[in-house]
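Have a look at this one before I ask anything.
Letters A, B and C name the chains as they come in the text, with residue numbers starting at 1 for each one.
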Amino acid sequence: MDPLVFWTLMIAITTAVACALCGVYLVVNHESMVAEALSHAVLPGIIVAFVIFQDRSSPWLIISAGLSGLLMVWLVQTIRNTRLVDGDAALGIVFSALFSVGIIAASQNLNNTHFHAHCIIDGNLASAALQTVQLLGVEIPRSFLVMASVLVALLVFILFFYKEMKLAMFDAELSQSFGFRPALLHLGWLALVSITTVAAFETVGSILVVALMIAPPAAGFLLGSRLWKMLVISSLVGVFSSLVGFQAGYVLNISPTGPIATVAGLVFLVTVVFAPRQGVLAKARLRQRQRSDLFQQLLLARLKRDTPDAVGVRELSDSVTWTDQQFRRALTQCKNKGWVTEDGATVGLTEQGKQVADSPDETLAL
Amino acid sequence: MPEVTPALKINGLTVAYDSIPVLWNVDLSINPGVMMGVVGPNGAGKSTLLKAVLGVVPTLAGRTEVLGKRFTKNRQQIGYVPQRTSVDWDFPTTVLDLVTMGTYGSLGWVWRPGAKQRKQAMAALERFELAEFAKRQIGELSGGQQQRAFLARALVQNAPIYFLDEPFAGVDATTEKAIVKLLQSLRDEGKTIVVVHHDLTTICDYFDEITLINKKIISTGPVSCAFTANLLEKTYGGPIKNCGIDCGFRDAPVELKGLPAESNDA
Amino acid sequence: MLDLLSDHTFRTVFLGTAGIGAVSGAVGCFAYLRRQSLIGDVVAHSSLLGIMVFFLISYLVTGEGNKSLFVLIPGALVAGTAALLLTRWIIAETRLKPDSGLGVMLAIFFGSGILLLRWVQRATPNIPGKRGLENYLFGMAAAMTESDLWMIGGLGLFSILLMLLVWKEFKVFTFDPVFTQSLGLNTNWLDTLLLMMMVIGIVIGIQSVGVVLMIALLVTPASSARQWTGSLGAMVMLAAGFGAFCGGMGSLISFRWSNMPTGPVIVLVATSVFLFSLIFAPGRGLVYRYARRKQMAREARLEHQLDIDVGENQTGGMG
């Protein structure tokens, strides 16, 4: 494999995994849109550092951008604490304002540099592998090193605070009473998410940060029942989307970020429909089966109450007030199970039917 | 017994969220001019019962008749007071506006409330001693005043039947007594009042009839018959301490203090 | 200043951005009060896909890509609505929360919109008319033509008229949806009408403010207006006023200094209005609150000194 392609793919994969790890916690914590907000709010930090240091690869860019991400988190929290503004609105106001500052600053000082709208949204994944540094005698792209160290930091944080983060998300008050400082943990985590956003932003642009932080974890949320499973599945979905999207971008001869985002979204949509337990299809099947049980039990209950022995079909179907079709189906199923006898125009409960009607509780969890 | 058209007649009402039944085959009949308490543990489907009758949650089966007519054709007959915490009290609207909302149903689409509707709203506010707050933003009211404003909103609907969902939650004792008095005076005017209620100790003082519910109807009828230790135990799924209520409990009020109003296991 | 006002292009842009600001400010109040502020972001981003698809359709039909708003805005409407309906479906059918549903839809629609945009820019053979599509990202108010103004004005007027017509229903539904349903009003219809109104209020602004920043025009004036008044009517009118002011000021500034992009300038004007409102609004703002707290502390001290032996005359609350 061409080393350039290899390294580009490696960058894409590490970015995808790092974003997925961040995203799982955001999705579980009901703050997915924070990813969108952060991906905008880091811009002024990047621009300011660039104006000062005039060097795209300065590590100050990442630090300054991370700080402007934290500034957003702090501003949003401060505005929310006044209780004068709805929380979502505060988020929208702050990130759009910070982003505007960034754009205006960029248009003042950086005409004819790399900071075009293009870079902000798309990043420059295709050329990210070109800028390399020597490490142990190997030429390694700088972007890869940055992303890899961010990924390591994330993994360390997660492994170290796995239990605390889980508790903080599930029950912040309990966590507080154990002395775990959930607010501090949350802030630390958001700082890390902010750094990840910046590092990823540089190579894959704002749209892909959002896509990779939300879509794979949302899919993982529907596929995995436990937190660690979600982390693993989301990372895999992220990597898969990157590889397929990268290929698609190559074929279309465009920057791979749009395609990667689209593929991640499509994987999510497929998951929504086909996920084995949480998917729409699986749920519909389960619901239909439970509904059918429910209707049968309900029929027995009506029969038992209205008529200990037998009653006309017409009367019965009137008293249950569902559609004729539902009534007919429930009646046939009850008959097949031997709970009900139908004799001409009258229906009656069998002994077995009476027993079932007496204890609907187990099947229905009443 | 003379044949009375029940104010509310529920037949075979079944509601399921995602196929898990919340209300199971509920039959309930409430006579006009009755103040009825609906009591049961958390998750017993008390609020759902009201909402299902109002058509706010979809029902799986069942039929509801209001004053002898299908409810869908007789919607204006029920005034609904939701839980106070279900809305955002920071919403920019005045107390008068809030109460005027009660007339929106009878106004129909597009038509605006006029002087007549505002007069109705003011009258309701006066009855609930809120007239002086008419121009205030609703968030400036205290909890008890908010609850009374909600009641006033239902009052202007001028319906023969009222549904109240936990009207005493987060309201101080004085206000609670005042609200009960108002409800009882409405009852004396011949209105039918259905209240979802939590506090077992006040049931005998407040209500004429009671329905014990835990997904299924456990018992329903006059308080003296439907509110017994046995039935309570069945409703809450466990023995209830310090409680020896039976049919004659009005003569011998029982100590109910240690009662776990919220718990539903032994 | 005067020379600007006599400039035909400027007048068009000024009227356009002020009108957009007014409409989205008014419409934004409902988004704000329903706590759906962020759907503005999703609708705006998603509309890029619709714009690209309709642009490509016009190219396939006529052989040249059409950038008139008469072609692109319907596309934005379709895509924005589709994104919202899909979000609603996902939230209803899965256990994902609204924030994730919105985020994913944003990623899908905006991602594929960017995909198409980049493809159109790179495609061989060349697609005529593709220049300037990029401006939809961050907005280019100067691109507004007189016919665009008609399109914006017509749609804006429509959504405002809709709001006035079903004002009472929108109000009660926004405040208390369950009660509204109990009144017998069809809440599915109301929800759809409200969404439609919001989508229109959003898409008319994407040309001048851009899809990325449109959320600010929806949310910031509404949040500012909320600080000044306790009545919905006044809030909507104030938000419309703030929006118009921001739009007008924004276009003025960016015309005066050519390197100032319109969209971000409008957003920053709106943010300034918001900060001012948050701090100085009477009866609610931070300054008022601070003064109130000081005064209450003083009164409490006085009272404590004057009558130390005041008995408890309040009964305790019951649970």
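As a convention for this text, contacts are C-beta pairs under 8 Å (C-beta built on N, C-alpha and C of every residue); 3 or more make two chains touch, one makes a residue touch a chain.
None of these values were measured; they are calculated from a predicted model.
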{"item": "Chain contact graph, described as a line, ring, star, complete graph or other shape", "value": "complete"}
{"item": "Chain whose Cα centroid lies at the greatest distance from that of chain C", "value": "B"}
{"item": "Where chain A and chain B are represented by their mean Cα positions, the distance between them in whole Å", "value": "40"}
{"item": "Computed distance of Cα centres, chain C from chain A, in Å", "value": "25"}
{"item": "Per-residue overlap in chain C, given as positions that touch at least 2 other chains", "value": "35, 226"}
{"item": "Touching residues on chain A, where the partner in the complex is chain B", "value": "286-287, 290-291, 294-295, 298, 301-302, 305, 319-322, 360, 364-366"}
{"item": "List of chain A residues in touch with chain C within their complex", "value": "27, 30-33, 35-36, 40, 79, 82, 84-93, 96-97, 99-101, 103-104, 107-108, 111, 117-118, 121-122, 207-208, 210-211, 213-215, 217-218, 221-222, 252-255, 257-262, 264-266, 268-269, 272, 278-280, 283"}
{"item": "Chain A partner contacts - residues on chain C that touch it in the complex", "value": "32, 35-38, 40-41, 90, 93-97, 99-104, 106-108, 110-119, 122, 134, 137-138, 212-213, 215-216, 218-220, 222-223, 226-227, 259-261, 263-265, 267-268, 271, 274, 278, 284-286"}
{"item": "Chain B - residues contacting chain A, complex", "value": "11-12, 14, 16, 18-21, 24-25, 27, 60-63, 215-216"}
{"item": "Residue ranges of chain C touching chain B (in the complex, touch as defined)", "value": "33, 35, 165-169, 171-172, 174-176, 178-185, 226, 229-232, 234-235, 315-318"}
